[in-house]
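Shown next, in structure tokens, is the structure this report addresses.
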Amino acid sequence: MAHKFINEIEPGETIDDIYMVREPILRSTTRGDLYIAMFLSDRTGQSNGRMWQATEVIYKALPKPGFVHVQGRSELYQNNLQIIINNISVVDAEKVEVDDFLAKTDKDTDKMFDEVKKTVGLIRNPQLKALAGEFLADKELMEKFCKAPGGTALHHNYIGGLLEHTHNMLQVALAILPLYPDVQSDLVLTGIFLHDMGKTEELSYDMAFSYTDSGQLIGHIVKTVLMVNQKADALKAKGTQIDQTILDALCHIILSHHGAYEFGSPKLPATPEAFMVYFIDDLDAKLNQVTMAIENEPGDSNWTAWKNALQTRLYRKQIE
Amino acid sequence: MAHKFINEIEPGETIDDIYMVREPILRSTTRGDLYIAMFLSDRTGQSNGRMWQATEVIYKALPKPGFVHVQGRSELYQNNLQIIINNISVVDAEKVEVDDFLAKTDKDTDKMFDEVKKTVGLIRNPQLKALAGEFLADKELMEKFCKAPGGTALHHNYIGGLLEHTHNMLQVALAILPLYPDVQSDLVLTGIFLHDMGKTEELSYDMAFSYTDSGQLIGHIVKTVLMVNQKADALKAKGTQIDQTILDALCHIILSHHGAYEFGSPKLPATPEAFMVYFIDDLDAKLNQVTMAIENEPGDSNWTAWKNALQTRLYRKQIE
Amino acid sequence: MAHKFINEIEPGETIDDIYMVREPILRSTTRGDLYIAMFLSDRTGQSNGRMWQATEVIYKALPKPGFVHVQGRSELYQNNLQIIINNISVVDAEKVEVDDFLAKTDKDTDKMFDEVKKTVGLIRNPQLKALAGEFLADKELMEKFCKAPGGTALHHNYIGGLLEHTHNMLQVALAILPLYPDVQSDLVLTGIFLHDMGKTEELSYDMAFSYTDSGQLIGHIVKTVLMVNQKADALKAKGTQIDQTILDALCHIILSHHGAYEFGSPKLPATPEAFMVYFIDDLDAKLNQVTMAIENEPGDSNWTAWKNALQTRLYRKQIE
Amino acid sequence: MAHKFINEIEPGETIDDIYMVREPILRSTTRGDLYIAMFLSDRTGQSNGRMWQATEVIYKALPKPGFVHVQGRSELYQNNLQIIINNISVVDAEKVEVDDFLAKTDKDTDKMFDEVKKTVGLIRNPQLKALAGEFLADKELMEKFCKAPGGTALHHNYIGGLLEHTHNMLQVALAILPLYPDVQSDLVLTGIFLHDMGKTEELSYDMAFSYTDSGQLIGHIVKTVLMVNQKADALKAKGTQIDQTILDALCHIILSHHGAYEFGSPKLPATPEAFMVYFIDDLDAKLNQVTMAIENEPGDSNWTAWKNALQTRLYRKQIE
Amino acid sequence: MAHKFINEIEPGETIDDIYMVREPILRSTTRGDLYIAMFLSDRTGQSNGRMWQATEVIYKALPKPGFVHVQGRSELYQNNLQIIINNISVVDAEKVEVDDFLAKTDKDTDKMFDEVKKTVGLIRNPQLKALAGEFLADKELMEKFCKAPGGTALHHNYIGGLLEHTHNMLQVALAILPLYPDVQSDLVLTGIFLHDMGKTEELSYDMAFSYTDSGQLIGHIVKTVLMVNQKADALKAKGTQIDQTILDALCHIILSHHGAYEFGSPKLPATPEAFMVYFIDDLDAKLNQVTMAIENEPGDSNWTAWKNALQTRLYRKQIE
Amino acid sequence: MAHKFINEIEPGETIDDIYMVREPILRSTTRGDLYIAMFLSDRTGQSNGRMWQATEVIYKALPKPGFVHVQGRSELYQNNLQIIINNISVVDAEKVEVDDFLAKTDKDTDKMFDEVKKTVGLIRNPQLKALAGEFLADKELMEKFCKAPGGTALHHNYIGGLLEHTHNMLQVALAILPLYPDVQSDLVLTGIFLHDMGKTEELSYDMAFSYTDSGQLIGHIVKTVLMVNQKADALKAKGTQIDQTILDALCHIILSHHGAYEFGSPKLPATPEAFMVYFIDDLDAKLNQVTMAIENEPGDSNWTAWKNALQTRLYRKQIE
């Protein structure tokens, strides 16, 4: 049976479906009866849930967070949808269609990955080609690469976001590299393909987007450089030596691609290629962030709420 | 007679040509004889000049700076070329071929301006089209636009630099706008075409590149906004009204295109179009700055000297 | 009938008057009855309002924000005044005495404006005199100038605040200019008179204080410079030419009067006059902000709450 | 015999007078003869001095820096005045008219100090009056107060500069206090009178302006607070107790009068009085700095050289 | 009768004890009955308190904050302990065992103070020895020194915290001084002993930790310097002169021990001793802050909540 | 024959020894004769060298920089030692005793390394012990570790500086770890031992101290993390697995040990161990920097020159 998405529920419907439950709390009314308040969500949004006549036993059994099967009905409360729960039971995360619960790119993942591979195929320098190939040949890693989000909060924060961001950056690079003939395209293309690869290890995205312990302690920038060196070591074991000069130029692009110390880059861009990758990354990330913020702003005001990361509100009135 | 360029002079040649003289100073040798030390330059470089047996009268007659006719010979002194002057006389600036003395873009100015016009021709919004057209119709301004440098020091600092920079930005925009369908292309194209127009008034570039008084007091960003408003007023007088909403969206792009308060933008980008113009401007300016710094670095070190504006030295060893 | 101001209502009174309503929300009690919570305000303060036995129809009819006629009674609830509403009906904003609802300077507007005109009359430079006169002759603008607030939040944030701030700055300038004979008083007086004129367009202040779209995209600093140039163009059309040198010196004062890039000035002060206007502006704004914060702090603590814009709490115990 | 000031010497004069000598160095010509190069200065400027046919014995006897009696002649060398020395002998600093050698306020010191005393006489709070009086009664300190410079480099850097700065600030305060009735004038006047008193200990100004060891380790701000507390202790010993509340409010003004942590204030302004003193100090210091920089700029350019402390060049063209 | 500590109360117990009450507020239920909500606390934690069937008379009698005798019972509400109050009466703060209510160091105060005295006894320079001795001889001050907290929020924020912090810093200094023979140990030991002495006046810690008025206006750094100078004056009156050089070196350590202007140090470290004291202070404060934050974090996550002062979350998983 | 050190040469000696030559330039006297000016140096200092009657052939043969055999004599010129060169010939760098030319720690390298090994031997965690052991077993690396400088400019910038710095930090850690029982000593000791290991690759120190290309592109922080991972991979290949948790905690210490983004740390300290290593590193580096700056300051002023990295001059007068 198809999942009933949160943003499709009308007031007055019967509910009998699986949702993610977050932050359940046990409360009592002023008359002393216990009830449980919680959030129920899937990838399309979230709703308040209320279970009246609850008990501590029920409360303690709830995952925090996790998946539950909910039976009840929907109603309108203070102009917002609310789900009144009659029965609630825990559901094993493995039995859940995770795509229903995590936001996902609305672009075609397979097509994007094909285009990424095609673009990587344009690299002519044999060593960079071999290195990129070693990554492409790592099935497990490429699966994660196609699934990981681009971040937890600011931009491309959905399943497939890392791929979408990388794919878009490669398209931008292909479009503008002819305008800058002094910039070495092989380094730019390899640098873009790999620049955020460490996010596959920095982020966890099984049930919600968060950082792994390792991700928080080391960060995706250094993790990516470690992966590049491990692949280079693996290639060397197979007889293909990557020159230190090439490895340094590539790792410098990765280390400096945030463009400033305060954004976690331990090195500032010092080559034309590093500058280009930094600018394309910033352009693509910010435009995704800005257009998503504008799209997701509720109401019809000309301005979004204040965006702290951008130090401004955004204006969304179109001309014409 | 063709000008003998500084970078073509070999030691031991007879010199009989016009050069720009800068910073002449009267000195005396330890034996008490007076001589004049000066720099002689044209757009290809500069050389030390020495006039032995000089007098205060000769010294006082020299322009500081200005053009002089020099007769003498070249020699090698401490591995550098030096010009020993026998006769020196002042030359009227109006009789000088200014192109010989100011660095100039090595791209084809006419072709670039044609492409700019063609790109501006793609604007469909009638009001923006009219506004851009009003600028294109201003012959005197367009002449300055094709001649002005893009800056005095950091990037595109040569005759035609403003045009080259604007042209390049338009090419980048055309290449990437299809990848960002939510961004309004008419605003981006008009914004790029006009973004630095005030530099025609901010900078003087007759004999050397410097700031006008007005340029230093007001700055090219506000000057550009004033020009846009004056053109809109002129259009209005002719019966074409530019909506305040369109004018605001356009002027916002101009005001915010430096991307940060500390770089003189009184507003931070708050629309997708403002973000895109800011990124393309920064990308094109920095890549010009980086590749020129790499090209102009003397010697064969892998690294340039420290670049303060970039807070790094630049690495220029190519892979392969 | 005179308006009953919020800060004059005692518990237990019958209420039958017009108030501004903000942020109404529909809630339900634990027993399921609907009620509406809202804020009712006028320029003297605000109170909670509660309408029990409400319906969604009533809720939907309420302006958010806007004016309403309220019938009910006042009571004390948790030591705060609360208004229990029996009937509520929408009132057309045009029928409302707006002065009752927006905070207003407690100084005499006419007298202040007269003194401003008298001070402007002291300007001797004929061009600056003409330019200031052109502003004074713009009736519509001068009406806004006398009515606009000085800001939305930090200082002089009340009707007439812009006039009060400008008036006070002129008084300070008159008092200290004799102590600094090297500072050109005509530029200082004209600069102060005009420095925030763009706030008449940046801010809206019909029902509450906020920014206009144009104000947020362009900012009052650049708007002021545009107004000065438009007045100069108008004068020119009438045969009075303002020298570019004078226009630049004046606009430089306006552009730099926030004193630092991070406060939105695209130029830093570079003339004695610009420094003086910047200091007088900062002095008057900060002293207004500080004394208002001290006055408005509830309770009798020696210290106000933390003031983020000043990075400190304020101490208000008087000596003696 | 009246001192022949440096800025009055014409080329070709016989020199027989006392000057301050700084940075003498022993050099040899390319033919191996020894000579001494040095700077000779008084309060009106400095000139190069050259003693040909010098010896190491003469060189070693020269003070570095100190006063010397110079006999020789003036000449023009590379358009600058130079003094050729035949005889040079050391002069005891105590026998020198120090006023000839240190720049000095061009205002009347006695008159300024009288006005300071008169202004301090306006303080009505008996405790602040007593405290200020204790300072005025300290003859030795008041002598230093009238003689000390206001700083070593940026503003009021001449003998009498501290008095001139304090006097000017008091005049500004008297002029604007009536416009800010909520500000306690007694605290402001006492605060201004004392705010930089510690500079009498922070700076040394016998032969040139520099910092004392104690001044560099502690700073004039904390030194001033220590002086205030010692005077209060002295008053207490005589039976006049200064309330801690008053002492705290006064010392807070002194501690916060630089207005920002990065300028050495350990506390930010937190009272209206502290804000007013901070603004008046900054206004008077910056206007002195700006007008002196403009006045002292050589040449006739519209712009001064870059002023690092102000992050701009200064524009000095007058209107009209 | 021993105090029943908050963290020892189980649900369902009878309560009859003294607690500190904070932030009582009078509320009404949806049925209109009045009740009082409040926090009850001692040094081990805090609990919600509810008094149903309350009156305004009872509410007004409650101290805000202060001590109360509470009779009632404990219960579990929403998984948190809550105290239902039947009777509540005010208790005189002087009759209360304050140690029960303020967090306190878990180290032995007497032993730490003995070790501080012993360490101070190692100072060999007779003047520094005399100065430290003058502090040790001030019984009243030493009592405060042993009782004051080290701060209000970030580190050592408990009774005895100042002593614990000073004691620990002295132990660190003793351990590492032998490794840095160029650092003058007498200055370091005296500097550490006295560095935060002004906190005895900056902070109040009778019933809760807060700043005194004087503390907020002046700050503990300057207060400490004032105390040192007053002790030196007192010694001088008794015939022991402290050289200005020694006083300056010591006060410089105190003034610069926060290491940066933005942390309230009006001077940056300029001696090896000042650097060492600054580093030991920062090391001990941060390690206390970090380990306390880790210890006090509820739940069993590997990470604490975001710590703004450290700009990170803290990781607390142990290896092995 | 023992090397004659620069700082031992008296005027008037015959010179016949090897020195490093830097920045030779060919000049001509005013009479047109060619001569070569250069610096001659060894680890004790440098001297001007002059070769009169030089030729372009001689000049071109000189290494820039490199080693030369110099024959000539010393003389005093302008109070400085100068070497007049009669013959000069190039010397192969391999035949030179490099210790004579590079500054070197004055501590016993063997003894320090023994103590480092002993301290590392105290690590009890078997995985950290194995990892540290893997580094100790790498002979070639340990040789570099004992020879590399601690930096190029600010601190420990001499042969053996890296070892001395690491050794000192370990001693400090051993001394203070008992005072902080919550800090895991094994992580601290391993972290200190390895924290700067990448400097062996970041710096080159054959003839002078500089950065390698790879060092400038990647930096020693990331290089160290790469080395740790490669050693862990090597151990794994031998059957000893290092847990990811342990590797992350260790690498986090290394990545965050500069304590701030602007100093090149891509992560801020987030564990007690990371804080401790950061503080000990900063303490030891700054105290080395401060005491060396004080020691090396020429003259007998109480103050050193301005130290930009510390934003102060340093005071070096000792008490007593």
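For this structure, a couple of remarks:
Labels for the chains are A, B, C, D, E and F, by order of writing; each one numbers its residues from 1.
By definition in this document, contacts are C-beta pairs under 8 Å (C-beta built on N, C-alpha and C of every residue); 3 or more make two chains touch, one makes a residue touch a chain.
Values in this document were obtained by computation on a predicted structure and should not be read as measured data.
Common neighbours of chain A and chain F under the contact definition above: B, E. Counted as hops between touching chains, the shortest connection from chain D to chain F is 1.
Set against the Cα centre of chain C, the chain with the most distant centre is F. The greater number of contacting C-beta pairs, out of the two interfaces B-D and B-C, is seen for B-C. Using mean Cα coordinates as chain centres, the one most removed from chain D is A.
Taking the mean of the C-alpha atoms as each chain's centre, chain C and chain E sit 43 Å apart.
Shared interface positions of chain B, defined as residues touching 2 or more other chains, are 30, 213, 216-217, 245, 249, 252, 270, 313, 315, 317. Pairs of chains that satisfy the touch definition comprise A-B, A-C, A-E, A-F, B-C, B-D, B-F, C-D, C-E, D-E, D-F, E-F.
Across the interface of their complex, chain C is touched by residues 125, 128, 168, 171-172, 175-176, 179-180, 182-184, 186-187, 243, 245-246, 249, 252, 268-272, 275-276, 279-280, 282-283, 286-287, 290-291, 294, 310-320 of chain D.
Residues of chain A touching chain F in their complex: 213-214, 216-219, 221-222, 225-226, 229-230, 233, 244-245, 248-249, 251-252, 255, 261-267, 270. On the side of chain A, the complex with chain C involves touching residues 29-31, 77-79, 302-303, 313, 315, 317.
Chain F meets chain B in the complex at residues 25-28, 30, 213, 216-217.
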